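Only one structure is covered here, and it is reproduced in the block below.
Each chain carries a letter (A, B, C and D) given by its place in the written order, and its residues are counted from 1.
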Amino acid sequence: MRETDLSVDICGVKLKNPVIAASGTFGFGREHACYVDLNKIGGISVKGLTLRPREGNKPPRVAETPAGMLNSVGLQNPGVRHFIENEIPFLRQYSTAIIANIAGNTIEEYCEMAEILSDADIDAIELNVSCPNVKAGCVAFGNTTEGISEITSQVRKYCRKPLIVKLTPNVTSISDIAAAAEAAGADAISLINTLLGMAIDIETRRPILANNTGGLSGPAVKPVAVRMVYEVSRTVKIPVIGMGGIFTGSDAVEFLIAGASAVMVGTANLVYPDACIKVCEGIEQYMKRHGFSRVADITGSLILNT
Amino acid sequence: MSKLLREVIIGVEKAAKGIYRMTVASAHISSNAVPGQFVNIKCCDGTQALLRRPVSICSVDRAEGKFDLYFQVKGTGTEMLARKKSGEFLDIIGPLGNGFDLDIAHRRIAVVGGGIGIFPLLFLLNESKAVVKRSYLGFRSSEQILLLEEFRQRSTSLETATEDGSFGTKGFVTDLLERDILSEEFDMIYACGPYPMLRKVSEIAEKHGIRCQVSMEQRMGCGFGACLTCACKTYADDGTSHYVRVCSDGPVFNSKEVVFE
Amino acid sequence: MRETDLSVDICGVKLKNPVIAASGTFGFGREHACYVDLNKIGGISVKGLTLRPREGNKPPRVAETPAGMLNSVGLQNPGVRHFIENEIPFLRQYSTAIIANIAGNTIEEYCEMAEILSDADIDAIELNVSCPNVKAGCVAFGNTTEGISEITSQVRKYCRKPLIVKLTPNVTSISDIAAAAEAAGADAISLINTLLGMAIDIETRRPILANNTGGLSGPAVKPVAVRMVYEVSRTVKIPVIGMGGIFTGSDAVEFLIAGASAVMVGTANLVYPDACIKVCEGIEQYMKRHGFSRVADITGSLILNT
Amino acid sequence: MSKLLREVIIGVEKAAKGIYRMTVASAHISSNAVPGQFVNIKCCDGTQALLRRPVSICSVDRAEGKFDLYFQVKGTGTEMLARKKSGEFLDIIGPLGNGFDLDIAHRRIAVVGGGIGIFPLLFLLNESKAVVKRSYLGFRSSEQILLLEEFRQRSTSLETATEDGSFGTKGFVTDLLERDILSEEFDMIYACGPYPMLRKVSEIAEKHGIRCQVSMEQRMGCGFGACLTCACKTYADDGTSHYVRVCSDGPVFNSKEVVFE
């Protein structure tokens, strides 16, 4: 019987397993450390960082929807410098990869953050060009091939870490956007960010979220996410990190088969603080049952119906 | 310290119109919880009620290793909770949040509760060492009233207001507080209830220079500090204001800290 | 106490209530007639019609997903002429509006169908420019403002019935698409059609649908649908018919508040054959409870948070 | 005629490994159903198992107004069914589909069932007036075997095959049919089971010029003919082939009609 090797290499970042905590659902790891051993998680994409501290949107910032949730946190975070000083030292106690998720209002801000973080002790930078909850700035970049080319190529100049570009699903052709990111120098693609949605309280006739709209995540979006991961991974040569509604090992395996080299777990972390570890165990069981010795052997193993 | 727990339900029973009491066996919760803390409950396996539901701890029995929750049936999650049977497992995270400050220097206290906000206050009265404890409870209508006997036993005095006048004084519970505030010389007011009530209690406390702790409510994604959805705006020492988390920086705040908008 | 009037007028089509059965989920009404009184339904948008009979895609054509379903029926239908001869006479026994949902491979086909149907005894034509399950043709039109302008203005020339254009949600800017349809002569907009998705059987490593991808519908998509109805109804002046995951009266009211003048019920018809009637009753109860005397008073009554 | 029904569950019990029997009170189903028909079940309120699950009617008790289902636990829906308790309501649509043609001219019949395909065949044996009824049942392994006594009572003969040889003949049930086909001179073969089995049975029937009815399975959206998702390709009289609906044009087809792909 062959060994089951869970490790993956995503554009030079070595992960002990393919399960990464998705940005915004795992804080900076501190809160989850109370429930899980962070050493067992492949990587952590931290809460989206901005150049200066951001206070975020008014509450309510969350609404439950059928098999999903809307959030409108609006990138509340202490800023990239605070992250470097106070959060990296904490996270580095653990043998888990650190991915800095960044968002800016202007291309210059993205570049400045990439430069600052290139000197920090992190493993990769994830470009959030797709957050639906902030008015100015970042969403615009992710919606067009021109926008994504421009921002990726600019940031590339300042970024000395592996560069992951995270895509929004709210576009007509996700593979065009992904191809543009690849051509502009992305080392990997992660997707999907949240789908833009709204929920209304019919008694007050107001949107539940104070921000009116928010980002949909959770199991509800999984079929859309799997389809997009499939389309993107057929289009680009760089590795794809898949996410959107992963709650179990089986969910994760769907993404791997569709073409993902690793996965991110988001909403599930809020409901089950130990979700990343459970997902990882599920992947391992699947590999044993089907005789896969390496995760990479599952990646893209989809057999299309003809 | 908060833990992810799978505990056995001892019993579920109706306590008032639309309100249920659930007793859960948990050595961890009963020995660690302090008044004002809550548990976050996964009401079903699967996606039907995807997120956990926060419910305050209403009382603990340390000797027997169990605790009580009271919850009002509002939507999907609490409906499923109400259908649970004794012997079933309950998937909870807790105890969560920061409780009330029960410093023994607070000798004369007022406890102001509205609707489902009364539950953590019973736990508070159990644990408080204050000499004078005056309870003021407000309800929409007499149908929602419960736990009066329990509150009476643990308080120096108890007064009740209903909005429709169907029981106790007609009007708001804050009217009762306002009436007594000058004569009673409270060291601390503890309040839990709907947002407008908390704002009013804070104003009264502020006006009379009395310290006050409020337990805030907000929609929550995780309940343990990771997602930043449960924002509450508070003042910092330097006068600036910013969002903190109700679940882990609260739910109890000094009323002066809270920016009531 | 004022009367509760459920009737609505959508671009000249008078409906006794605002609940319409969505295309593809109600056949030609025959199957549902066994469970509900068709007279009580505001309107029926019939199974998508093509110029010539179409056999549809290989099975499996359906997969359940969290709070939703994927379908890849692929427009199986007996053709527009068969519809006119055999189905209209059946449907006309009932006092429900008939909406002919049409899809073509070319603009010419759309125009020809519109012309043929303009002489038939139907109440409106719904242009399906958004079906994700057929390879050539119709999906392409709905994805761009140019495509939607072109097809709408061409069909408009031949169409002597009220023309409803049905939009796909798989686009970057739904309001741009809607505005283009309005400018090109649409009398009303209906949305959303299904979101493109995929579900994989991890044991066989094949997509569950023989067609590999399919259209996501059901409660899972409701937040996306409500958001899009909100965006579109703020953009266009013509009436908007909202759909996507409506199972209850409360769901329908969300769409009305967001800006819809009427709603369509799709997936719910498969699970609960009497769904349209239940939804209608739910709307009526809401109106009574909140003192609305006309449905139009709910439409667009959303109060935005500021 | 099919109806949307809310019926009371009389009992649920385990019948074999992973297989449950459910008895449901329903005057409508028991008095109207014919063998080969099914009911479509909403396994829960709400969205957890959104679509209905089709399950064949295994037997009816017209006198007592009740019927039996047997189902294998496969995923979310059937898991929830297995947890139902007697006294609860079951939300079903039925009876659905076209049953087997039990013309009395069919005097010598073979009944070929595989796995969960055996259930409608028991109902068929109950109702069939044939003189010779030979039953051939196939299972993965002995653990899945059930209802043998019931089949034996209603058949002239019963033979069983398991793929792993743990009970009866080792191999496929179609081997047994093939062995007997020449000597038995069947007027009709009735088959229900997995796709490869049905294809093989059809081939055997075709080859020996014996008429055969097969009950097809397909994923279903509605179960009553409205959504066109449950397609099965069949030949028309003119030799062309096209998709028909398993739920309402089937599930039972003459095997010659079906295009096995």
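Please note the rule applied: contacts are C-beta pairs under 8 Å (C-beta built on N, C-alpha and C of every residue); 3 or more make two chains touch, one makes a residue touch a chain.
All values reported here derive from a predicted model rather than from experimental measurement.
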item	value
Other chains in touch with both subunit B and subunit D	none
Third chains touching both subunit B and subunit A	none
Farthest-lying chain, centroid of Cα atoms versus that of subunit B	D
Subunit A and subunit D: spacing of chain centres that average the CA atoms, whole Å	46
Averaged-CA centre spacing for the pair subunit C and subunit A, given as whole angstrom	33
Geometric centre distance via CA averages, subunit D-subunit C, whole Å	36
Multi-chain contact sites of subunit B, meaning residues that touch two or more partners	47
In subunit C, residues with contacts to at least two other chains	58, 66-68, 218-220
Chain contact topology (line, ring, star, complete or other)	ring
Set of all touching chain pairs, with the criterion as stated earlier	A-B, A-C, B-D, C-D
Residue ranges of subunit A touching subunit B (in the complex, touch as defined)	24-27, 30-32, 34-35, 47, 55-64, 66-69, 71, 73, 76, 208, 218-220, 267, 269-274
List of subunit D residues in touch with subunit C within their complex	1-4, 42, 47, 49-52, 93, 218-222, 224-232, 242-243, 248, 261
Subunit B-facing residues of subunit D, complex	44, 46-48, 76
Parts of subunit A lying in touch with subunit C, wherever the complex brings them together	58, 65-68, 70, 143-144, 170-173, 195-200, 202, 204-207, 209-213, 216, 218-224, 226-227, 230, 245, 250, 253-254, 257-258, 286, 301-305
